[in-house]
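What follows is a set of structures for review.
Shared between the two complexes below is subunit A, which pairs with subunit B and subunit C, respectively.
For the complex of A and B:
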């Protein structure tokens, strides 16, 4: 990330509050939302903004997450900009509607606070909730801290509402580690955001003069073409994401790198790939090991869908070994992120030099020591040591 | 009868002509629509007093009063039988589909 911001509008916010400010700056017309830990503070702050007339929007306290997504879809259908937020069980509950929204091409933006799924029930963080929504047709981005969360809510609308995309965006932020951690956050000025993100003029809305029926059946003879369009939109999004990142950086001074960000990778022999809050900790470990003369690098995977397959194809001939940190597991195989990266690497024959680390499940800490251990295992692999392809890090026994 | 004209649906001929998401123009008729009718209403005109209760109640709006006798547009009648049930003069009989022509 490159930060050239000269703004001084700093406030001490937690990640949820940063998301609430991000949403406020985007001037959504309708916010249907249902509170769930650890997303609740987003709901509380937005309801305060509305109650105190700092936000001019229709705030709907719906009876469930399924209804939240239905209401957001209805809002988008009449051309309104819609925002919602959820987490874990709530995301699972709205699963059906996620497909409806993406298939109907409504550019809704949603924040998801990453939290593990029951059972065993637990409110703390991992990324199984959103990774399990892989095939719902939503763009998924994972952020590292509160500042990026705020910035990505704004960028998410610019991406979703682009004519070439018209696909909903889920902004994922790690539960508690980010949602409840306070940091200094630069809150952009409203007039700057207004310039960056003009009012939403939907090209997919009901119009009294040209009535249309929406979300209708498409028969077998026609259904597949709609799916092909969704795939095209995702492919287009790759370019749009890079463009929006550049445009945002030019306006606000913060460039995040688009689909992925590399940290000290230029001459790296071994690299770790991760998503979300773990990147912050990993940067510190990389710096420490670099000081010791070890050529380690870090890849921050920002967008999980669309997946940066071209990037990973090009990475295999640059490094000697790669570790993939998954805060999830697809039981019976391996981590979801690892599967995708290894699939991109398949033609290179590089997969034998990859270790998938399963870590940080249900909020278990991923410490600096664990990350250093991962790098050391990767060095071991380059020296011919046997390493298991799939390893749980931080298990009690 | 003030009924929308049939506008034949134009199917997309390329990806570019596909709508954004599954949507299509509403408020138009694209084809006759009565395929699932099981019984047809048949009016015994000598009994009919043209009270127009059936004309008011028909959920599909397919009963026409423009001509001397009431007429039912069988292209759109779904055969629900509400007109026959409500007719105060019992002037409408529901006849099994396919048998009406024999009357």
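For the complex of A and C:
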């Protein structure tokens, strides 16, 4: 349902609805989208907006996610702002197109409702779907709640469309825990968003006066140079992300910290690193343990790509032990987030003080108790206890 | 009617790297001469994209996008929607896709785009196999053809199944305009292209594109082979418009299929039995054509 005419900007929305409002505020020209649980509410709300003239855009009923991304790319080619949303199997199905879009530098924004992948079939949340897209060249951000989801859709366009970046952005929001949970969300005013995000004048679009071929074949002699430029764009994005966060905060009063956000880390002895909805629960545990006098801290990893490698390099001499929560595992090794952080820490020799916790697979709850257990294991490590490098939390046996 | 003296001297596709005698260059070149410079071309993986968009030697002087093999229909949808949303109404979006990119991997996207009624022109240039990857069969490869993955052998006469009827698949969508054509009949093709310019919604042209390399004939025989396909009834020129099919060429008597087959290496292995199979298939197709489209229109 669309709530009409309110005096306040606050509304009680679930995460999917927050995303739909975020998209609406960005005035995309074209939205090709295909439904999949738990993203479907985004599809439904946007189609309601369009059906009621609350949104003026070309809403396209594509016949697959692969086509959704193809159509978004076609729209971006002609200079239009494009938005789409998907999840899990749908994201996997568009995998090929993710490379096309980033490689030809189309600043498309997509919401992904994090859900596990079959088999075994399951519709609930973990981050296997998006983590598996690591090397597709998309910027990936993970949000903690509906408010951040809405805000990050807006910021995502500002980042993607920046001249120094021109790289697509995937906004990841945990399936069900966030997509279907209602919270009070502040919906920014349209005119404020218009000021923050002016109409899109793409530099990477067709121009009949200067016809160009896009997304063409680049032979061995040239291909590597295109890739190098993608890497440069990702490096540039680190700075742009911080700038956009500041600019957004100045305008709307909400700052998110850019690539990472620290929570009570200043004098922390042990810290946990995580992404997405788990952060909300962890904050509560940190507060409780702090009340007990335990020096615990929390790092919210917001951007998985570009990866804040400099930040993690600097972290090793500040804390005694670190836990990394992965809502996924790369079978045969460890969690993908843990691998990245450990490689940043490698030169510091700190890796022996790191535990990778695999948790929250396919929607399994990560309870406060589990998080407390993780912190206690980290304290154990600082006291010389033996702890396995890789641990499944909340396993039946 | 298109007149040669009125055709533009401008070339929108030139300098490409197709094999000598390939029908593909003619098709792209003539199509763009008709549509003009305010055209955007979408090209999926295929010979067409491979021989025209190798950085840094770009062969189109209109904007173009090289695309995923399966996505031509959808990318045309996106271009068309993006233009519409920005109030641009005088631009043609043109897809140039092979038989594999259209009838196999791209059929879903094409069907979706046609069903939605999006505004675009789609040309399927049909060289009857996956040429770009080295002549593997597609669902539009004719029965009996030798390809690299449907080879003839002691237990095989080559491609087992007759060619799928793409034209009728498009008709089943009640598309505003669909046609078959041949690179050997340039006027017919250009007139059909001309029609697509004024119609709104999806327009589809399935054009035969003889391929000297994959079919095995000398590079100076492209037009002759294209003509023989029509004269022997192995291909036909037709149009679907306003709910009706019109045959553009109705040969009084069909020439023997052997005249067409014998000139091509891909059919050289055939014996009397298998040629009979091809003849029977052609005859049954023509029975259907005559019953449905020729007699009913009289």
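Here is the rule we use: the second predicted complex is superposed on the first by the 389 of 397 C-alpha atoms of A that agree within 3 Å, B and C clash if a C-alpha of one lies under 4 Å from a C-alpha of the other, contacts with A are read in each partner's own complex, and residues count from 1 in each chain.
Basically, a contact is a pair of C-beta atoms (placed from the backbone, for glycine too) under 8 Å apart; a residue touches a chain by one contact, two chains touch by 3 or more.
Just so it is clear, the structure is predicted and the values come from calculations on it, not from any experiment.
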item: First (subunit B), second (subunit C), both or neither touched by A:166; value: first
item: Subunit B versus subunit C as contact partner of A:208, first or second or both or neither; value: second
item: Which partner reaches more residues of subunit A (counting touched residues only), subunit B or subunit C; value: C
item: Partner chain in contact with A:291 - subunit B first, subunit C second, else both or neither; value: neither
item: Touched partner set for A:267, first subunit B, second subunit C, both or neither; value: neither
item: Partner chain in contact with A:228 - subunit B first, subunit C second, else both or neither; value: first
item: Touching partner for A:105 - first (subunit B), second (subunit C), both, neither; value: first
item: First (subunit B), second (subunit C), both or neither touched by A:218; value: both
item: Overlap of subunit C and subunit B interfaces on subunit A (superposed complexes); value: 104, 211-218, 222
item: Interface residues, subunit C side, partner subunit A - complex; value: 37-38, 40, 42, 49-50, 53-56, 58, 60-68, 70-71, 73-86, 88, 91, 93, 108-109, 111-112, 115-116
item: Residues on subunit B engaged by subunit A in the complex (per definition of touch); value: 11-12, 15, 18, 20-27
item: Subunit A residues within the subunit B interface of the complex; value: 103-106, 166, 203-204, 210-218, 222, 225-226, 228-229
item: Subunit A - residues contacting subunit C, complex; value: 29-30, 32, 57-58, 60-64, 66-68, 70-80, 82, 96-97, 100, 104, 206-208, 211-219, 222
